[in-house]
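Once you scroll down, you'll see the structures, which are given as structure tokens.
Two complexes are shown next, each including subunit A; its partner changes from subunit B in the first to subunit C in the second.
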Partner chain A sequence: MTDAIREEARKILSDGKVDFVIGYAEGDTPIQAKPVFISRVEDVDKLVWPSFGLINLANYLLRYKTRNTRIGIVAKGCDTRSIVALLKENQIDRERLFIIGVNCPGMLSRQVAREKAGEIISAENKGETWSFTTVEGKKEVSCFDLMPSNCAACRHHAPVISDVVVGDPITEPEGDGYDSVREFEKKSAPERYQYLMSEMSACIRCYACRQACPTCNCDECFVDITQPRWVDKGLDKTDLAIWQLIRTYHQAGRCVDCGACEEACPKGIKLLWLTRKMNLIVKERFGFEAGVDPEALPPLATYEKDDTQEFIL
Partner chain B sequence: MIKLNELRQLYDHLSRNTPRNTPIIGLKKEGNRYYYRPLKSYDEWSSDVLLGNFSPKEVFFPQDEVLFYFKAQKLIESKEEIKPAVLWGVRPCDIAGIGELERMFNQIEYKDPYFMERFDKTLIVGMACTEPWPGCFCTSVEGSPYESKGADIFIYPIEDGYLIETPSKKGEAAIEGLDVEEVSDVSQLEADRRRAEDKIKKYNFEGIADKLKSMVDSNFWDWIHNPCIGCGTCAFVCPSCHCFDINDSSRGARGLRSRQWDSCLFEGYTLETSGHNPRPSGSQRWRQRLMHKFSYFPQVFGSYQCLGCGRCGRACPVNINIAEIAAKAVEWVEPQS
Partner chain C sequence: MEKDPRILAFLCNWCSYAGADLAGTSRIQYPTTLRVLRVPCSARVNPQFILKALQEGADGVLVSGCHPGDCHYLEGNYYAHRKFAAMRDLLEYVGLEKGRVRFSWVSAAEGGKFAEVVKEVTDGVKQVKDTTQFLKKRDWPVE
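Entry: the complex of A and B
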């Protein structure tokens, strides 16, 4: 896959089709990929197809909204969904993009690796498993067990839009991928409340989740607005929960479940429960999944006479 | 220096000989991360972990701190009583970080009473790193895994026990009554120090303060910040980042003024009331971050404001390594055009 990505990047750079290519490079510390901007053909070999590449590269496109730059981008299935969502919101121009779509078999998560193995000092890939040296000793974890919940639930491995596709096509698993949400819903309301509150109260307001999200692209985030102040700045538990709840609401019909927010969180908060539940609601009520159909209008941009009128979440 | 067979002896001695309810704050696992938290017992201490995911700065400088309350025209100072504490098993880089905070918060003209009271009342028990982590680079920023400066008590793990040094009077007083013999021959520590230092990746930051000074308008910043998504993770895990934001929150005539950690990589950090932002782009914000740590701080205080713990690189969602960037700045040659 790495070779194919390099090949495509080399082609578009040497043909002068793009000014630079956004892709992944090897990180400096174990099990991390590093987003990289390649503008010279001789640097193309820095590009890799990473194992731990949950950061959504579509996020970087927002920077070039108003600039006349032609950009090549390596995009997983979910990244292309983000691109579609951004195109529909007129955030980027399709003509200035060259999308190297990747049939993505799913990524591995450093958050999950930490959960399964502990604090990782070094890591080695042994094919189907990863061998970790942690503070508690050596541990081997299979790649399957390192997959984050969003990749396990993914039903859109193939790029939705692209100019060229690399990687072998992937057979989508059965089911709609929302079983974990339905399972979670079976818990009692107090149980769910307690769990979610304990997750949200760990937040430290670093806003890594927001910054890692291509859809969190408001010019001014409600949480930064001081006149009026919607949410206080401190670590009050209610404020923390409100921050995450409103962030989720603002993602209605826009979240592509790429998992970048959860992967970016320095506290390892399980943010995807909220967004995935909302995605399920949007899917059931409006038959819509963000970024899947380049033609469909997002639910917040349209209406039908027989839309359900009850409270949404 | 004294020798102990078991570290528990020192821990127990400190817990017995400090005022009642003095917390001993050490690394503890919470969820799947390590934090500096009050320990219930010696066994709760994660002794194998080199560094917490977050630094011990929150012991002195909490992320969210009330400065005072107000009610109509009346001010009521925050009444939280600051008690003595023992900070247990912190590493040389973090001790140096606490030192940098102290320089910042304890200047002749400006003293931060909130920080200083906690600082004065805390006994710092440091510990040498026999096995540094990949990502550590303290030796490149004038540190060492065996540096005891700044600690009150300092622990050197050796083959058959621990050597204990007391670099400060406060530390000396704290171990008084600990019934153990003095050790005079500590020559092996020098070899241990070299062994540990050799395991640490060395970067060349020579002349960086002046080099950066000449790079204000450099093209370097245009590409260096590219992967950065502008979150506050690096600043929040950093042992020496000390910027804070002050906020009022009120309901009717009552309210409070508090301060929270801030980060120079946040877009709103320099946003002015008029709407003007003197650092509107990521490249300018990254310039500020590197300049502050490797140029302004050395010029004003004579030392780097980066201690080489490497936490930022490990925690960064996009794996930006400040040491790599600083080393690249040293080598940077401005393109001719």
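Entry: the complex of A and C
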């Protein structure tokens, strides 16, 4: 896969189709890839197809919103869906983009690795398993167990839009991927509230989740607005919960479940637990899935006269 | 809950607010639990307002607008409905007790219905066991 990506990147760079290519490079540690911006053909070999690549590269397109550069981008299935969501909101021009779509078999998560192995000092890939040296000692974890919840729930492995596609097509698994949401809904209301509060109490308001997300791109976030101050500064537990609830709400019809927010969280908070529910609400109520249909209007920017109104008195 | 609940009501200027007015001028009796906030349209109500109200000590929140098709701005309440549907489902998911956040359509001619809605919402809020969900505890009295 790495070779195919390099090949395509080399082609578009030497043809002058793009000014630079955004892709993944080896990270500073083996369990974290980093984004790389390649503008010279001789640098193309820095590009890799990572194992731990839960960064959504579509995020970096926003930095070139107002500049007239032509951009090549390596995009997984979810990244292309983010690109569609951004195109829909007129954040980027399709003409300036060259999308190297990748049939993504799923990524591994540093966050899950930490959960499974503990505080990791070094990591090594041994084919089907990863061997971690932790504070407590050595530990082997199979790749399958390192898959984050969003990749396990993914039903859009193939790129939605692309100029070229690399990698072999992947058969989508059965089911709709929302089992974890339905499982959680079986709990009683006080239990669910308790869970919300205990998860969010770990939040330190670093906003890494927001920064990692391509669709969190307001010029001024509601949480930064001081007049009126919707969410107080500080670590009051209701403020923390409301900050995350409103962020989730703002993702309605835009979140593609790429998992970048959860991977970025330094406290390991389960953020997808909320956004995935939002996706399910949007799907069930409005029949919309983010970034799947380039033509469909965003669900909250339109309406149907026969929307179900069962909860209205 | 034992004390009288305090319910924040966002009423749209063109229908529900006039409906409340009609309930008053028609001398219809209904619980005195509502604190009314007039908004230009139900679509003006950002779901943030609802959470903010709960945080600041409202026991319940009611958002009321025109019936579908009757919006003064033609389609505001349709958009509002979509926003509330998404927020309502999310709040239910995170375990907010049922009956604290309600929505209704009340037209300017429905003084009677307005009174009924207030009764129903008040009863609903009275059955809520824990109104401290999302309430921000402060070191000073809120009253």
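Some observations on this one:
Please note the rule applied: the second predicted complex is superposed on the first by the 307 of 313 C-alpha atoms of A that agree within 3 Å, B and C clash if a C-alpha of one lies under 4 Å from a C-alpha of the other, contacts with A are read in each partner's own complex, and residues count from 1 in each chain.
By our rule, a residue touches a chain if its C-beta (ideal position, glycine included) is under 8 Å from a C-beta of that chain, and two chains touch if they have at least 3 such contacts.
The structure displayed is predicted, hence computed values, not measured ones.
Aligning the two structures on subunit A places subunit B and subunit C side by side, free of any clash.
Of the two partner chains placed by superposition, only subunit C is touched by A:Q194; subunit B is not. Of the two partner chains, subunit C is the only one touched by A:P299; subunit B is not. Of the two partner chains placed around the shared chain by superposition, subunit C is the only one that A:W230 touches, whereas subunit B remains out of contact. By the touch criterion defined above, A:V41 reaches neither subunit B nor subunit C. By the touch criterion defined above, A:E185 lies against subunit C but remains apart from subunit B after alignment on the C-alpha atoms of chain A.
By the touch criterion stated above, A:A264 is placed in contact with subunit B alone, subunit C being left untouched.
For the pair subunit B and subunit C, the least inter-chain C-alpha distance in the overlaid model is 7 Å.
In the superposition on chain A, subunit A positions 232 are in contact with subunit B in one complex as well as with subunit C in the other. Interface residues of subunit B, counted against subunit A in their complex, comprise 31-34, 46, 48-50, 53, 63-64, 133-135, 223, 226-227, 229-233, 236-237, 245, 247, 249, 258, 260, 263, 266, 268, 282, 310, 313-315, 317-321, 324. Contact residues on subunit A toward subunit C in their complex (touch as defined above): 181, 184-185, 188-196, 222, 230, 232, 236, 238-239, 241-242, 245-246, 248-249, 252, 274, 277-278, 281-282, 285-286, 299-300, 303, 305, 307-309, 311-313.
Within the complex, the subunit A residues that touch subunit B are 27-30, 32-37, 55, 59-60, 63, 114-115, 118-119, 121-122, 135-136, 202, 204-208, 210-212, 224, 229, 232-235, 260, 263-264, 266-268. Those residues of subunit C whose C-beta lies close enough to touch subunit A in the complex are 47-48, 51-52, 55, 68-69, 75, 78-79, 81-98, 102-105, 117, 120-121, 130, 133-137.
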